[in-house]
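Please read through the structure below; I'll follow up with questions.
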Amino acid sequence: MAASDERDDAFHAIIDADGRIEPRDDMPDAYRRSLVRQMAQHAHSEIIGMQPEGNWISRAPSLRRKAILLAKVQDEAGHGLYLYAAAETLGVSRDELLERLHSGKQKYSSIFNYPTLTWADIGAIGWLVDGAAITNQVPLTRCSYGPYARAMVRICKEESFHQRQGFEALLALTRGTAAQRAMAQDALDRWWYPSLAMFGPPDTPSQERTATHTEQSMRWGIKRFTNDELRQKFVDMTAPQADVLGLRIPDDELRWNDERGHYDFSDPDFDELFRVISGDGPCNEQRMAHRVSAHADGAWVREAASAYAAKHATAQQEQVPA
Amino acid sequence: MAASDERDDAFHAIIDADGRIEPRDDMPDAYRRSLVRQMAQHAHSEIIGMQPEGNWISRAPSLRRKAILLAKVQDEAGHGLYLYAAAETLGVSRDELLERLHSGKQKYSSIFNYPTLTWADIGAIGWLVDGAAITNQVPLTRCSYGPYARAMVRICKEESFHQRQGFEALLALTRGTAAQRAMAQDALDRWWYPSLAMFGPPDTPSQERTATHTEQSMRWGIKRFTNDELRQKFVDMTAPQADVLGLRIPDDELRWNDERGHYDFSDPDFDELFRVISGDGPCNEQRMAHRVSAHADGAWVREAASAYAAKHATAQQEQVPA
Amino acid sequence: VSGLVEYTLRLGDDALILSQRLGEWITRAPQLEEDVALANIALDLLGQARSLLTYAGEAEGAGRDEDALAYWRDERDFRNVLLVERPNGDFAETMARQLWFTSYQYELYDRLRASADPTLAAVAAKAVKEVAYHRDHAAQWVLRLGDGTDESRRRMQGGLAAVAPYVDELFDPDGVTGGLGAVAVDPAALREPSERHVDGVLDRAGLERPPEPAHVARGGRRGLHTEVMGYLLAEMQHLHRSHEGASW
Amino acid sequence: VSGLVEYTLRLGDDALILSQRLGEWITRAPQLEEDVALANIALDLLGQARSLLTYAGEAEGAGRDEDALAYWRDERDFRNVLLVERPNGDFAETMARQLWFTSYQYELYDRLRASADPTLAAVAAKAVKEVAYHRDHAAQWVLRLGDGTDESRRRMQGGLAAVAPYVDELFDPDGVTGGLGAVAVDPAALREPSERHVDGVLDRAGLERPPEPAHVARGGRRGLHTEVMGYLLAEMQHLHRSHEGASW
C-alpha cells in the first residue's frame, strides 16, 4: 500500500511537472489501460484506414496520383507499426492487440466504415479525415507518455503532408472539368459530417461518463482539449480551405461569427455516430471481414517465418559449443 | 461366335444400306468405342469452348452484343448436354465422360487452347471456328448412329446461326473505326491457321494410323469426307467471305485456282497442332484448371441435389403403402 | 430528371446489374444444366434491362439509348438496389439472392402490368412470365440445398444471412414511387407477399430466417453503392468507353 | 516504332504491370511489415515505369506522355512479359514470381548502367539499387518459406511450379534487342547469372527446381498476352479513360 502510494506520487509528480512518463516508470494501472486502449484504437484505425484508400490504388487516374496514393497507404501501415510498437512498451503484444481488433473487443475510427465511391473520395479523405486526425493528434505530440508522444511527432509530420496532398488532389478536380468538380462536391457532401463526428460526442455534462473519461484523460496529460474544442479548431481551419477549393460545405448554418472569433456550424448526427460505432455502418462488416481474412490467409506465412527463425536460432546456438 | 457374327452381319447390312444404327441395335465394340470417343470429344469441345467466349460476356461492347454472346454460350452448354445424352445411349454416363475429360484421358478441340485477346476474337470464333465446325459437322447429320445424327441436325442449325452472327459482328468492325478494323484483321491473323488445323492432320498415306482410322470411320458411315476434303470446303466457303469483310487472309499462297475449281492455300503448321494437342498450347492448362475447379466447386451442390432427390423418392415410396 | 425516368432506370438497372452478376457464373456453374439455366435468367434480365433503359432514354428525351445509359453513366448515377450488385459468393449465396430478388420482382411486375403507363405495363406483362420461372428456379434450389446434405444446409443458411442486410432496401418507398401514382408500384406493398413467398420456401426447406442483421444496407436508389460496384462497372464499361462513338 | 521506343516500352511495361499486381497485395499482406515492403517495391517499380514511359514517349516524338502510354494503349500494344501479369496467387507464388523477376531485372539493370543511351543508363543506375533490395526481399522469403513449415515448403514448391512456364520468355532475344547494339542488353546473356542466383537461393532453401513445364508461355513482347491482362487493364484504365482530356 505504502509502496503503491509512493509509486503513484512519483507518477503524479512527473505529470504535474508536464514531464514524460517512460516505459520503465511506475504508472497507475488505469493510466496504462487507458493508454493501451487509446494507442491500440489509433493503430487499428491506421490499418483499417488503409482499406478505403487502398480501394483506389489499382484505379488511380494518373501514374503520379497512383504513386502518391501508394506512398500514403504505405505510410499508414508504417504508422500502424510505430503505434503497435509504442503500445508494446506498455507490455501488450501486437498479436494480442490484433486479436482484440479481430474479435471486436477494440474499435477503430468509425470514419473508415464509410465507402470510397469515387476518386474524389481519396482527395476528401486526405483533406478532411487526415485534417481531423491532425487536429486530434497534434496535441498528442505533447502527451504525457513518452513513446506515444514521440510516435505522434513523426506521424503528425506525415499526416500533414497527406493532408496537403489531399487538398491538392481536390484542387485539381475543382479546377478541372464539370464532371470532376461535381465529383469533388459530392465527396465533400458525403465526408463532411462523418469527419466532424471523428471528434467524438459533444461535451455535454449530461453524458457524464464521457465527460469523466475526458476529464481523467486531461488530468493525465493524455488529452489536452475537449471534443468540442477540437471540432471547432477543425472547422475553423477547414472552412476557409473549402472557399479556396470553391466547394460548398453542406451546412446552411456554417458562417463566420465575429463575436466568437470562430465559425458557427451544425453538429453531426451523433445518433448516427453511435450507430456506426456499434456496428451499424455501411462498411463495418466488410472492413472487419477483409482484415480478418487477410490475417487468416497469412497465418501460414507467419508460422513459416517463426519456424525458420527458431530453426536458425537453434542452429546458431548449436554451432557455438562445437 | 456364330451369334457374334450374325450380330455383325445385321449391323453391316444396315451400314451398307446407309440406314441408321439405333441404341438397341447390335454393333461391334470397336464401332461403339469409336463413337463414344468422338461424341465425347465433341461434347467436351462444346463445354471447353464456352470459356474463350465466356471471357467476353462481362465486357461485351453493347447490350445487344452481350445478349447475342450470352445466348451463344448458352447454346454451347446445350449442345454439350445433347451430346452427352447421345453418348449415354451407348452406355457411358456423363459423369464417366467428364471424369475422362478432367483426367486428361479424353481431349477436346485444340482450337480452344488459344486465348481471346480482343472483342474481335469473338467475331472471329463465330465466323471461322463455328464455320469450320459446321463444315465438319454437316456430314455428321447423316452419320450412321441415329442419336448422334439427330443431335447434329439440331446443333448444326444453331451453329450456322452462330456463324452468321460472328460474320456480322466482324462486319460491324470492318465497317467501323480504324481501330475496329485493325482489331478485326488482327483477330483473323491469329485465328486463321488454328481454324484450318481444326480439320486434323493431312491425308498423307505416310501417317498410316490416322489414315486407317479415317478409313475405318468412313466404312462405318461415321465420317463422310477426309480431313483435306473438309479443309478445302472450308477455305472455299470462307475466302469469299473475307473479301466481303474486306479482310486479308494471312496466306500469300491463297488464290482461286480455276483449273481445280478450288482455292489454293497453305497448310497450317501441323507440328504446332500436335504440340497443342499434346498439352503445349497457350491455354491448355488454364482451360483444364478452370473446368476442373468449376466441377470441384460444384460437387457439394450436386451432392445436395442427389441427397434431396433420394430423400424425396423415399418419402414418396413410403407414402404409397401408408 | 422526371419521376418516370428515375423509376424506369431503377427497374432497368436492377435487371442489368443482376444480369451482369449472373453472367459471371457461366462456365463456373455446378452442373451444365445450371450453366444453361443461369445464362437463360441472365438473358431474360438483360432483355428486360434493354427495354427499360431504352424507354428511360426516350422518356428523358436527351437522345440517350440503352447503350448510352448502360455504358456512359458513372457509378453515382446507377439506381439499382445494393442486393443485385453483391458478389456472387457460392451457389447458395447466389440462390439466396435469387430467392429474395425474384420474389420481389415477381410481385412487382405482377402489379406493374396494371400500370397507368402502357410501356411499363407491357414490359411487365412479358417479364412477369419470365420471372415466374426464375422464382421457381430459385425456390427449387433453396429446397434442394436446405433439405440436401449437412454441408448444403449450412451453406444455404450462410447465404441467407449474407444477403439479409440487403433485403429491406427492396421495399423502401420514397418520393419517386410516391409521386408517380398509378404509374408505379408502391415497393412497401410488395414486402408482405414477397416475405410470405420466401417464408414458405424456407419453411418447406427446413431453413430458418436469419437473425436481424446489425446493419441494413441501403442507398442504391440514390446512387450510393458498395465498393464492389466500381469494379463491376470498370469491367462492364471499359471496352465500350475505349471506343467512343463506335458502333458494334 | 523505333527499336529504342520498343525496348524502352518493354522495360517500362514490365515495371508498370508488376507494380499494379503488387499493389493488389496492399491491405492483404500476411503481416503489416509486408504491406510496407510490398508497397515499397510497387512504388519503386512505378517510379521506374514512369521514367521509362516518359522517355519512350519522348523518343517516339508523338507527344505521348507517361499517362498516355499507360492509360490509352490497348492490350495488344503492351510489351511486358507474361510473368508480370500473372495473378498474384498466394504469397508463395508471388515470391516465386519476385525471385525470378528480380533476379532477371537485377542482372539487366546492372548491365544497362553501361548502355550507350545515357537516359537508359541513368534510369538503370538508380533502379539497380532498388532492385538489389527487391531481390534480397524475395530471396529472404523464399528461404523462410522453403525452410519453414511443411505447408510453406509445399506452397513454395507449388509457387515455383506455377511461374515456371513464364520464366523462359525473360531471356528471349529478338530483332529489337539485337538491333540496338550497345544501347540494349542481350536478354540471353542474363539467363546464366539469373539462374545461378535463383538456383543458389533454392539450394539454400532446400527447394527443388520444378520440372520442365509442358508449355513455355511467351508472346508478351509482341502484345500477345494472357486472358487475365484485359481485366487488369480494364481496372487500371477505366477511370482515366472515362474523363478524356482531364487533368488529375
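Labels A, B, C and D are assigned to the chains in the order they are written; within every chain, residues are numbered from 1.
As a working rule, a residue touches a chain if its C-beta (ideal position, glycine included) is under 8 Å from a C-beta of that chain, and two chains touch if they have at least 3 such contacts.
Since the structure is predicted, the reported quantities are computational estimates derived from the model, not experimental observations.
Which chains are shared contacts of chain A and chain B?
Looking at chain B and chain A together, the chains touching each of them are C, D.
Contact counts by the stated rule: is the higher one at B-C or B-D?
When the contacts at B-C and B-D are counted, B-C has more.
Distance-wise, how many Å sit between the C-alpha centres of chain A and chain C, to the nearest whole number?
38
Please report how many Å separate the Cα centroid of chain C from that of chain D, as a whole number.
Chain centroid spacing, chain C to chain D, equals 41 Å.
Give the residues of chain C that touch two or more other chains, as numbers and ranges in rising order.
As it turns out, chain C has residues touching two or more other chains at 74, 234-235, 238-239.
Please output the residue numbers of chain A that touch at least 2 other chains, ranges allowed.
In chain A, the residues touching two or more other chains are 59, 179.
So how do the chains connect up here, line, ring, star, complete, or something else (other)?
other
By the touch definition up top, name every chain pair that qualifies.
All touching pairs, sorted by chain label, are A-C, A-D, B-C, B-D, C-D.
Across the complex, what residues on chain D touch chain B?
Its residues touching chain B are 74-76, 165, 214-217, 219, 224-227, 229-230, 234.
Residues of chain A touching chain D in their complex?
The contact residues of chain A facing chain D are 47, 50-51, 54, 57-67, 70-71, 73-74, 77-78, 80-81, 84, 119, 169, 172-173, 176-177, 179-180, 290-291, 294, 297-309, 311.
Of all residues in chain C, which touch chain D in the complex?
74, 231, 233-235, 237-239, 241-242, 244
With touch defined as at the start, can you tell me which chain A residues reach chain C in the complex?
52, 55, 59, 115-118, 179, 186, 190, 278-286
Given the complex with chain A, which residues does chain D contribute to the contact?
Where chain D meets chain A, its residues are 16, 20, 23-24, 26-36, 39-40, 42-43, 46-47, 49-50, 53, 66-67, 70-71, 90-91, 143-145, 147-149, 151-152, 155, 235-236, 238-240, 243, 245-248.
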